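As written, the chain order gives the labels A, B, C, D, E and F, with residue 1 at the start of each chain.
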Amino acid sequence: MDPVVLFFLLGAVARLAKSDLRIPEALYETLAIYLLLAIGLKGGVEIAKYSLGAVAPQALAVMAMGALLPLIAFPILRIFAKLSRADAGNIAAHYGSVSVVTFAVGIAFLARQQVEYESYFPLFVALLEVPGIVIGILLAKAGRKSSEGSPVQWGPLLHEVLLGKSVVLLMGGLVIGWIAGPQGIDPFKGLFFDLFRGVLALFLLEMGLVAAGRIADLKSRWLFMLGFGTVIPVLFAVIGILLGKALGLSVGGMTLLGLLAGSASYIAAPTATRIAIPEANPGLSIGLALGVTFPFNITLGVPLYHAIAKHLA
Amino acid sequence: MQTHPKKLLVIIAEAALEKALIKDAKHLGAHGYTVAEVHGGGSRSERDADWEGNRSIRMEVICDPAVAATIAEHVLSVYCPNYSVSMFLADVEVLRPAKF
Amino acid sequence: MQTHPKKLLVIIAEAALEKALIKDAKHLGAHGYTVAEVHGGGSRSERDADWEGNRSIRMEVICDPAVAATIAEHVLSVYCPNYSVSMFLADVEVLRPAKF
Amino acid sequence: MQTHPKKLLVIIAEAALEKALIKDAKHLGAHGYTVAEVHGGGSRSERDADWEGNRSIRMEVICDPAVAATIAEHVLSVYCPNYSVSMFLADVEVLRPAKF
Amino acid sequence: MDPVVLFFLLGAVARLAKSDLRIPEALYETLAIYLLLAIGLKGGVEIAKYSLGAVAPQALAVMAMGALLPLIAFPILRIFAKLSRADAGNIAAHYGSVSVVTFAVGIAFLARQQVEYESYFPLFVALLEVPGIVIGILLAKAGRKSSEGSPVQWGPLLHEVLLGKSVVLLMGGLVIGWIAGPQGIDPFKGLFFDLFRGVLALFLLEMGLVAAGRIADLKSRWLFMLGFGTVIPVLFAVIGILLGKALGLSVGGMTLLGLLAGSASYIAAPTATRIAIPEANPGLSIGLALGVTFPFNITLGVPLYHAIAKHLA
Amino acid sequence: MDPVVLFFLLGAVARLAKSDLRIPEALYETLAIYLLLAIGLKGGVEIAKYSLGAVAPQALAVMAMGALLPLIAFPILRIFAKLSRADAGNIAAHYGSVSVVTFAVGIAFLARQQVEYESYFPLFVALLEVPGIVIGILLAKAGRKSSEGSPVQWGPLLHEVLLGKSVVLLMGGLVIGWIAGPQGIDPFKGLFFDLFRGVLALFLLEMGLVAAGRIADLKSRWLFMLGFGTVIPVLFAVIGILLGKALGLSVGGMTLLGLLAGSASYIAAPTATRIAIPEANPGLSIGLALGVTFPFNITLGVPLYHAIAKHLA
């Protein structure tokens, strides 16, 4: 297991043991800003090396996948888990979008295994943030009588997700890295590249504290949540890996696309859905995304998806 | 010192509602607002601000009783059913009635 | 708009007391609480939050007058002798009396 | 429980005024104060605390009605003309009248 | 354009596009503390190399310039912009003082162009903070009937600017660097030197968010503000460059002295003047310093002043 | 004097001069988390090199010392300073425990002097946090009539100190470093090792601000406080150094054990005792630990204890 994951476990144990260890809110936000910018910059510097013609079609396919995944999750949640339309759409939105930190753990894992991957992947992360959320919300609202609650205000909503800090910083980093190029970025390496793993470790410490705090959310329907929160990621990961193969990605790329597909958003999605789907129970979606799927993905998921990718390559 | 009676409306809610609450309050006649970041707990859950979705705000609006009532009822019907919200009203005095 | 009278109890105290105050308040009948981080000064000392031991909190509890009295007297006897604590009560109105 | 009536004076102002407000309040008879960092908006502008000059504070003083009036009038004449300031007064009860 | 400026643009665009991207207040303060200390330390380590005899006269001349600049700005603001005595003095105080971050962008630019400069320059930054503010306030108050408002309390005011965090950290860094010397500072290089550019980039991201937020201040008198906010910096920069030449500074030094002269303070000056000149409208001074002059200087100003310096050298 | 101490002096001077320089609370907490984790990680990576058989007995002896020290401080405080049982026990708890930052200054000093020490020392730091506090509280409470105040709730108290952030992060770092090993930790070196000194410097800047703020606490009984706050550390340091010798530690190890013995806790102890010994006056214990002993130890103490250690070795 990558040592970075040990920091997650430390945080989780501390929280479960009711330690008074707390990460200040400002530090949490700072680490998130750093990770998003750094990932974007890294990708941007590399992207110059590739031709738009090669990347564009892949990008479209990846976005299409992002829109497809919630359509798979939704019926499962409606039929098997008997969830309300709102809850099913809400959870589908979380699993349709992606977790940037899960992605960061993935690239740390590949770096450790010295596995190459298409270095413009951060672009895919940014592109995958939004579509799943939009589709998920559409599913939650579809066929609702106007009597039930207020209609979604799509303008503000799209504005919110498209200009949420995740997309802005990832895209901003990509563009800056792309314009500045390797030499231009050099003076920033000290902060944005050399410290990346360490900052990721600190963030995972915090994620451990938070994730363990979510476990309370499981008590009500823990069986469903443990099942859904671990099976769906694997299912989605396989879809991602197969798409990666179809797009001719490297094994590393297939692994990452699988990981992205199997990851659930806990930054962009919760904010957007809380406003757009008020009736949905956030304890359920957050409990799943943070309490089950995130820990599963960074511990067992990453190596598993890599093995599958190698097998299917 | 000549003072004038006003109502103080305090709304404690999920941070996710801040933008909406400010917009609605102004729309319904508030001349201003003050927001503090808080944490707390109630019937729904402990909101210990340990991550984004778990932050709470405490919004204060000084206004005429009628405006306070309108805002309170609006919040009660629109947000209370689905969100963690607490509200209370208090009688206060101000020196510049026109301001509030 | 039909409102119902409640008491607002505000306790300003050393941050070290937060856990204990929340526990006691709930134990004595409070349905919830809201806490803000503050700094201040009074008879004992300036508490300018420049380091851990020097932080203060402002805890708000909306409850029935009887509960407010119980909590206030408890805090007065248990914490006020040895800790920096200020307390005050105010009359407030709420819309959902059952909630508080 | 025997309580004693006091006034609560709340001053919401630009953070730049904090030192001065504390000094003046004590000078005019306040025994203590509590300050919280807030953000807000009113007639002058949105003060969203996005940088130093844009921060606001909410200062609370529990004191005798006369002291509250003196402080309020002082702030009104000295600071309100040129600074973003909001003030209100409320009736509160305390347990230790000598303290405030 | 130096890549570091791209971060400023990212912040500005995000704010103009109403993104919810926010830099936590604690991070903003942390970055400011870091930059001030790091700049001071860098200068302090170098200062040992120079003889006091060589630096002292230059230092005096530079301070004199700081006191002179507001005396130039004030009449212009009174006569052409018809501003009140208070507003004119307030703005003059901002432009008489300096912006440390603008200076940091300047040294980043020179480093990139591999242009040398007198490495004790951070001393000048510290010395330029205060005089302009004092003169500006004096101008605002001069010949006021005691009836109008309360008199300035010079004791507290001087204490406030002389012991404000900018001067304390710059001077503190200078002294520590000077005492510790190159070897002594070595263990701190990892934090204070290697990360400097990256931290500056993060700070500029925040500055972009803030500066774009100030644009609202322009609406009232945008023509005057755009004019004054871009012309005065160039005028002052030329003065600074000429003084630099007279003092026998290198081209790099002339560029930096011009940049400092042309920069406007938005940390020390606003705090001091808000208390000392209550009648002055801060929206005007901040709108100018942050909304117009800062962006102008870091984008067009730096290269322009360098070109002028080369030309006049 | 190690340059890192100059940052402490800068903070102290700034505070005494009533500068408005403030370290944001979130930064203070962040730096503390960083230092604790980094110290733990450093120790953990090294610990693998040693056999449990060698370390275990030393560890036990060190903990015993931690329990012994308050038993020495208590009677002195009762008899000579005529302090109440509560105050004496409270202060004894502070001096029985340790200051992690003082330890960090010690290793910085040894690194500068190129003096070796047993690299598993961070383990001792973690082990010394708790015993002194427990004994100190026991002394404060011993032989109290149940009438006087409420009894100590040992369950919550032990939970609090054993799971306080100091112990959790030190121990967590030790375990992670130990599991990950040198290679595993390598990617984190950039953050946790290369920046260590710089972060320590920033933290000492903050400590200077805080310590100088405590000087007000001295006014009442300054003679006693200056005496106790400087004599006891030296006395305890000698005890620690002698124990180090008895345990066969290197000169560096003897110095560090002396420094730990002579240091007073200002993170774990104040929190625990404030709840457990309400009657104790925190101004007294904090004034001593932060206002007198901490500054004494990092300036004069460290070199003094090292000299003593060399002499006794």
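Here is the rule we go by: a contact is a pair of C-beta atoms (placed from the backbone, for glycine too) under 8 Å apart; a residue touches a chain by one contact, two chains touch by 3 or more.
Computed from a predicted structure; not experimentally measured.
Chemist: Provide the labels of all chains in contact with subunit D and in contact with subunit E.
Modeler: Touches both subunit D and subunit E: nothing.
Chemist: Just tell me the minimum hop count from subunit B to subunit F, counting one hop per pair of touching chains.
Modeler: Tracing touching chains, the least step count from subunit B to subunit F comes to 2.
Chemist: In terms of C-beta pairs in contact, which of C-D and E-F ranks higher?
Modeler: The comparison resolves to E-F.
Chemist: So which chain is farthest from subunit A, going by the mean of the CA atoms in each chain?
Modeler: Taking each chain's C-alpha mean as its centre, the farthest from subunit A is D.
Chemist: At the interface of subunit B with subunit C, does the proportion of residue numbers present on both copies reach over half, so same, or stay under half, so different?
Modeler: Different: when the shared numbers are divided by all numbers used, the fraction is under half.
Chemist: Measure off the straight-line distance from the CA centroid of subunit A to the CA centroid of subunit C, and report it in whole Å.
Modeler: 40
Chemist: Could you please state the distance in Å, as a whole number, between where the Cα atoms of subunit C are centred and where those of subunit F are centred?
Modeler: Taking the mean C-alpha position of each chain, the two centres sit 34 Å apart.
Chemist: Would you pick out the residues of subunit A that each touch at least 2 other chains?
Modeler: In subunit A, 22, 24-27, 194-195 touch at least two other chains.
Chemist: Mind pulling the residue numbers of subunit B that touch at least two other chains?
Modeler: Each of 36, 90-91 in subunit B touches at least two other chains.
Chemist: Using the contact rule from the top, write out all pairs of chains that touch.
Modeler: Touching chain pairs, listed by label, come out as A-B, A-E, A-F, B-C, B-D, C-D, C-F, D-E, E-F.
Chemist: Please name which positions on subunit A make contact with subunit E in the complex.
Modeler: Residues 24-27, 29-30, 33-34, 37, 159-160, 163-165, 168-169, 172, 175-176, 179-180, 184-185, 187-192, 194-195 of subunit A touch subunit E in their complex.
Chemist: Could you pull out which subunit D residues touch subunit E in their complex?
Modeler: 14, 16, 20, 45, 48-53, 55, 78-79, 81-83
Chemist: For the complex, which residues does subunit E have touching subunit A?
Modeler: Touching subunit A from subunit E are residues 3-4, 6-7, 10, 13-14, 17-27, 108, 111-112, 194-199, 201-202, 205.
Chemist: What residues of subunit D sit close enough to touch subunit C in their complex?
Modeler: Listed in rising order, the residues of subunit D that touch subunit C are 1, 3, 6, 8, 22, 31-36, 62, 90-96, 99-100.
Chemist: So in the complex, the part of subunit D that touches subunit B is made up of which residues?
Modeler: 12, 36-43, 56, 58, 69, 72-73, 76, 80, 86-91
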